[in-house]
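The structures come next, written out as structure tokens.
One chain, chain A, links the two complexes that follow: it is found with chain B in the first and with chain C in the second.
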Partner chain A sequence: MLLRHTPKEITERKALTVNPAKTCQPIGAMYASLGIHGCLPHSHGSQGCYAYHRSTLTRHYKEPVMAATSSFTEGASVFGGQANLLQALNNIFTIYEPDVVAVHTTCLSETIGDDIPQIFGKARADGKIPEGKFVLHANTPSYVGTHVTGFANMTKAMVDYFAKPAEHKENRINIIPGWVEPSDMKEIKRIAGELGVKFIMFPDTENVLNGPQTGKFAMYPKGGVTIDELVSAGSSRGTIALGRLTSGPAAHALDTKCKVPCEILDLPIGIKATDRFVDSLRKMGGVNVPDSINIERGQLVDIITDMQAYFYHKKVGLVGDPDQLEALTEFLVSIDMLPIHIVTGTKDKKFEKRIKSLTEGLPCKVNVKSGGDMMLFHQWIKNEPVDLLIGNTYVKYISRDEDIPFIRFGFPILDRIGHSYFPTVGYQGGMRFLEKILDALMDRQDRDSSEIEFELVM
Partner chain B sequence: MEPMRKETTEYEEKTDNWKDIDPKKVKQEIMEKYPPKVARKRSKHFVINKKVDDENYTEIQANVRTIPGIISQRGCCYAGCKGVVMGPTRDIINLTHGPIGCGFYSWLTRRNQTDPSTTPDGHNFMTYCFSTDMEEREIIFGGEKKLKAAIQEAYDIFKPKMISVFATCPVGLIGDDIHSVTREMEKKLGITIFGFSCEGYKGVSQSAGHHVANNGLFQHVIGLDDTVKEGDYKVNLLGEYNIGGDAFLIEDLFERCGITLISTFSGNSSVDHFSNSHTADLNLIMCHRSINYVADMMEQKYGIPWLKINFLSAEATSRSLRKIAEYYGDQKLIDRVEEVIAEEMPAVEKAQAEIRPRLEGKLAMMFVGGSRAHHYQELFKEIGMITIAAGYEFAHRDDYEGRHVLPKIKVDADSRNIEELDVQKDPEKYNPRIDKKELEAEERHGVRLKDYEGMMPDMEEGDYVIDDISQYETEKLIETYKPAIFCAGIKEKYMIQKHGIPMKQLHSYDTGGPYAVYKGAVNFYYEMDRMINSKVWDHIKAPWEKSPELSAMYAYE
Partner chain C sequence: MTNMPILKEREKQIYQKGAQAFDMTCEKKSLAGSVSQRACVFCGSRVVLYPIADALHLIHGPIGCASYTWDIRGALSSGPQLHRMSFSTDLKEKDIIFGGEKKLYGSRVQLIDKYHPNAAFVYATCIVGLIGDDVDSICKRVSDEKGIPVLPVHSEGFKGTKKDGYKAACDAMAHIVGTGSIEGIGELSLNIMGEFNIAGEAWIIQDYYEKMGLEVVSVFTGDGRVDKIKRSHGAKLNVVQCSGSMMHLAEIMKEKYGIPYIRVSYFGIEDMSKALYDVAEHFSDHPEVMEKTQNIVRKEIQAINPVLKQYKKVLSGKKAAIYVGGAFKAFSMIKALRSLGMEVVLAGSQTGNKDDYKLLREMCNDGTVILDDANPLELSKYCIEKGADLFIGGVKERPMAYKMGIGFCDHNHERKLSLAGYSGMLNFAKEVYSSVKSPVWKFAPEKKLS
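And now, the complex of A and B:
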């Protein structure tokens, strides 16, 4: 057994986290920064932070993840990191020549209390930020919130730094996609394009973290939202923010700063959430839903019809981030599955309430925990087994120990390739997700059935 | 089946040309890009290998701060302590005291394999991540209370025999005294509990963390169990982390030679073995950088001499086995080692003969770790490949130039922050394993003790030796030489592959390995053939990119 010491009996833990279902803010900020075109993310802290974040993002995306660091030593930790950041900005603009540097803080620089805007001011005054180049920052102390918060904070910083209020609003909307895969961002853009809606998406990691092999390395790949677009986000007629936690703060900031009204929706995972997204696009964009989208929707409904016999009342355990889990729970309930254990490491007051309301009326008890960890998740499973597990790569240890089929979904996925190329959002993404569920369940049925029961046609 | 062969590539047409490139010019061009202050500093880390006299090679600057804003391969002190040295030991609870990130990122991300069935209690906590998950409250009011409670909970639930605590950056800043907490809890719970002050900002790289970890192991674990085990030629293997199963192959080789392995620091390792390791008669060092401190301290306290060995490549393995046998000077061992070498070499030679023609003369570059960039060069040599550029991520001058420069190394403020333990002979347990004269002369039976000559003597003059290489320097080297393979870590992997150049991770071996000793060497030869001669490199250019003129011809016709 790989997790051989995990007891079935659950005891309350007040101080010890075992097998976290979250990580720290800065990595989320780094991922969001990569969704700005020509941007080099910069970690204001010790080298270890950026080394860990780059490693984890690289293992997940299997793509270059470029970023720089202030390389704090003990001296900087005592005297503050201003000198380090000034020197770093000078070196970065001279050597790596990005258009933008997106600085995020760490627990180290936050504990010291470095004032980034003040340091930026000094850097500008000293001529360390060349004309026509940009900097932005987000405060992302690792001891507050999680990676989800860090993503949200950096996304909001894009608004705070660049979006420009405008009296005249253009016939265009903003789409904030939330922490999803580059493939998902591409799919969201495709759907908006099918509807003929003009839009600005930020952040946008398509063509940054799912780039082609061309034999040529580009330090700053083709993708990403441009600074001009971020400026224009203030003159869009509305914003669709996907993901309450990851996109909500940026959308609200746009509303406050630039009077761009927003709608905050779930991530468009599954039929209902995608319906709401498409409907919002239609209304906000003032367009009709084209046949092409109706066909995709119909195909998704068609395969649910074909598959639902296999899904019906199968129990599922989910672990991941709140935005993903809320959408996914609704999706699973909508196909007659029973999500019964749901854990996120991110603390969020509304999460448990939302999950409870989504699972209301299911013929079973539903365990939900915000601010939980994977050990608790595992213990719940030991006490009430499930038919399917959905979560990031770390769940494979539980899956193997408990012999339960497992689908990788969320962050990080360190042992499979495909998530950055194939979406799970939208109707087509929904179809792919259902295919994965069905494959997992049927492979298990094939493996477990006796020779007598083994069937060709299923 | 057809062997996987690559059509002639642009690179192969150029293979003879690389010798025409002037390294000095390349260096100059790279340095020109840097701001003057940066160029001055980096040029001391970026040297062209040259023997200056009988003993010395060009001085290289190493183990100093990375310049802020320079994209480096390095990580932090915590990573070296918790991740590298303490991580691969299965039966200890490693509790990270800090915000969640540090614990999360070091959770199972190194490929240290372990076999819990070989220790009687079967404990294995390596699949777990334990953290105090510090939040704002603790940053403001202090985290000692939470740490104490976390240790108690870990004890109550898991009943481990040992717990260690790792300090992260904010812990040092807010002034939590992890050592007083661990002392108090040790007394309360009656098991070994101790802490590491391995805050990420300490030192200049992972290297500081190795030192901190060595100190902690030496002070709190080594020497706890005096049971003397049966067996001949009792050794400890130091600096072998069992990535991809390397240690398993070495264990097997020792067993066949009749060498008794007491403890490995730290791969497939157990704190039970660490506790008992002072009963060995010889320490063998693989990774000099990460673990030489323990070897030195064990020599001072217990009188155990150490030898530098290397089990990467067939040649180095044979040499190391013979060195160990010579050291003991026992004919039985000398003969047995020769028998084992004779058993192993035919398969190795067969593989070399098969692979060599496919890789002969191709260029390799490797920038990794504190020893691997040296050790792997010999593996490449065995298949005819040429290493023209190498360097370490976090090593010190002695790893490049040899230990004879140790007295000449200036200790700067960053190194002074890492405690040097004052080690004395143990009044009861000190037992010089060899003649006093031999110890003093640092030589026994013609075998040099405590000796490591470093990387530079094994490289040609004119080769690049680059410390703490930057992303920019990496790219320029690649563009200039188009090596057949580049070795580094995960952060560098895809940047290099996007250049169309295969990239082998030598920290984690990607998903491959083991590469140690004879069987591992054979694995490595085939792995290089697979990577370098893979068909994928031929797919990069689409047919219409290869000959765009065709459309014009149609128009003409």
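And now, the complex of A and C:
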């Protein structure tokens, strides 16, 4: 067994994380930056950071992931990274010709105390940022928060740097999709389009990290929100922010800076959360819900009712990021499944409260932990086994050791494809999720049943 | 796009054979702002030490460094799997301000009590170098208390390149070498160095040596064990593979224990055979070793040659681009590709030195582009210009090649089949063939520069 070293007995660990269920801020900032059109993310730190982020994102998306680095040396770590960043900006705009450079910091540059806006000011004064090109930055110290925080910070930076307040509001809304897959962003846009709502989405990684095979390597794929759109976000009549943690800060910033009111919703995973999203679109956009969407909803309900016997009281263990897990827990409870072990690596007070309220009526004890790790998750499972595991690729160790069916969901997924092309949000995404759940459970039933019990029709 | 600008400072890191005088610059820090494919000091240390399977690897720093290196390298272990778990002190803001020493001590003790490893490595990451935690003295204290080697690895990311990380790893291991009993180790013995058992390669190599009548005392570090490293100074020869990841330790062992070393490559028939013969040559006082070696080489080559010939027929004239970490690997690869009838049109490395590039130049045909610390634009430009049919590289290069509609072979962490040894050469040929001749490239639009 790969994780044979995981003891069943749970002891308190204060100074130690074993098998993390999180990673550091900068990679979230890098992913968000890739959702700006023509943007080169830039890591202000040593070379390893961005090499790791690029490798991880490359493994997750099977796409080229471009970014630059300040390549810190010992000198920079003593005298500050200003010279490095100035040289970097100059080189980047000369050679790689992006429209935008999105700088995120690292533990190194944060501890040194580099002042990025001041360095940008100097770069501009020195003519190192050409006319018509843009820069933005987010502070993403690796020792604060997690990858989720980094995504939220860079998304908020898009507002801080570009959104322009306007007296007159346009008949258009902003949608901040949160840290979801390019496929999910596409699906959210499709739903808004079906309703006939005009919108600006940021960040938007569709066609950046799920692009087609073109016979050429492009540093800047077609997708991404443009700077013009980010500027206009300040004149939208409202904002729908999906994901309390990943989108909330940007939405609040828009409200404060540009007086664009916002609604903060769960990620539209599952029927109830999607209902709320569609309803918000309807109200904020002043439109009616078309039949096409109603039909999709009906189909999702149809699957749920057809197969309810298979969902009934199946125990599930979930590990992932707070925004995803809150929506997913609600979805699973709504179809009569029992999410009983829920771990996120991101520390967040509201998370545990929310999960507890969502699982309040369940006929069993529910373990929930924010700021936990995969080892704790595994220990809970050893003590109270489940029928299904849902989480990122690293859950495959637990799945194998404990022989429990497993669905890949979240970040990173290093060993399967699909997540960048097929959504899990919206009614259609819900159908795909249910298909995955049923495939996993029914394959297991087929595998485990005796020849006598083996059923053709299920 | 053919006129893609090249950074002035990088001009001397790009060379086209025949087109200009050879004056290549290398071993430079990457320019700030370049989209280099390189990594950091920590990365170098981590990959070298990671395969030691019964040691505990604790990463002292914020969580990222541990998360990104959690079991991403397919270094196989025949026994313990402790190295595949991820341990981190997960430093938070408070620790950065007040220091992480207490946390380091606490986690260290707790881990050793729980997992009973045979040694423990503590990797100091960027931030630890800045906040000035005294990792050395904590390691010593825990080592004294627990009675196992607890070794600091000074791998602060910004303190150099990946190569400096190799050195830090070697320095850490040097503390273990020489602490075990060498009783029973005979004259015909060696250590395998710079072989990480990706896809089981160390096992293949070890098997050859054993068939030659040689005892393998320790493998550094593939399928590695602390006890074997402890007694490795009893071996009579160090056989070092790879571009210098273990050269530093070989030097230390030469100086301290008088163990000579030779450098080898296990990739491709030519270099594989040369490696075995060189080792046999070293033990020429025992002629039976050479005799056995000749038999092994003959048998192995006979077994794979007919199949390789088939591959050569279809691969002849195809063009390959190579971009690897250390240049040493590129040499073997050029020979191996040639033995398949293929031509290398681009050869580059992340960390080659002047001698490496000189040798590369000598090996390559006119027109071959040689790159040091290349970026994606340069790689794609020359791949298309030179009409490459195959790209050999690592994780970050794979999707680039596929986007351009070019075949790909991973010769890095993500290789799934062993590529070392004779059977490895067969695997390599098979992999190159299946990718280059795949019908799927017909779906790709015509290759373009931009």
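Everything that follows uses one rule, which is that the second predicted complex is superposed on the first by the 458 of 458 C-alpha atoms of A that agree within 3 Å, B and C clash if a C-alpha of one lies under 4 Å from a C-alpha of the other, contacts with A are read in each partner's own complex, and residues count from 1 in each chain.
Here is the rule we use: a residue touches a chain if its C-beta (ideal position, glycine included) is under 8 Å from a C-beta of that chain, and two chains touch if they have at least 3 such contacts.
All values derive from a computational prediction rather than experimental measurement.
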Quick one: chain B and chain C on chain A, clash or fit? clash
Figure out whether A:84 sits in contact with chain B (first) or chain C (second), or with both, or with neither. both
Is A:51 contacted by the first partner chain B, the second partner chain C, both or neither? both
Just chain B (first), just chain C (second), both, or neither: which does A:168 touch? neither
Please indicate which partner A:67 is in contact with in the superposed arrangement: first for chain B, second for chain C, both, or neither. both
Of the two partner chains, chain B (first) and chain C (second), which one does A:365 touch, if any: first, second, both, or neither? neither
Touching both chain B and chain C, residues of chain A: 2-5, 7, 13-20, 22-24, 26-27, 42, 45-49, 51-56, 58-59, 62-74, 76-77, 84-85, 87-92, 94-96, 106-108, 111-112, 141-144, 146, 213-218, 345, 394, 414
For chain B, which residues count as touching chain A in their complex? 33-35, 38, 65-79, 95, 98-109, 116, 122-125, 127-136, 138-139, 146-150, 152-154, 156-158, 168-170, 172-174, 199-205, 413-414, 417, 471-472, 475, 489-491, 493-500, 540-541
Would you pull the chain A residues touching chain B in the complex into a rising list? 2-5, 7, 11, 13-20, 22-24, 26-27, 42, 45-49, 51-56, 58-59, 62-77, 84-85, 87-92, 94-96, 106-108, 111-112, 141-144, 146, 211, 213-218, 345, 375, 394, 397, 414
Seen from chain A, its contact residues with chain C in the complex are 2-5, 7, 13-20, 22-27, 40, 42, 45-49, 51-56, 58-59, 61-74, 76-77, 83-85, 87-92, 94-96, 106-108, 111-112, 141-144, 146, 213-219, 345, 394, 414
Contacts from chain C onto chain A in the complex sit at residues 5-7, 29-43, 61-70, 72, 81-82, 84-93, 95-96, 102-104, 106-107, 110-111, 114-115, 125-127, 129-131, 157-161, 376-377, 380, 384, 395-396, 398-400, 402-405, 443-450
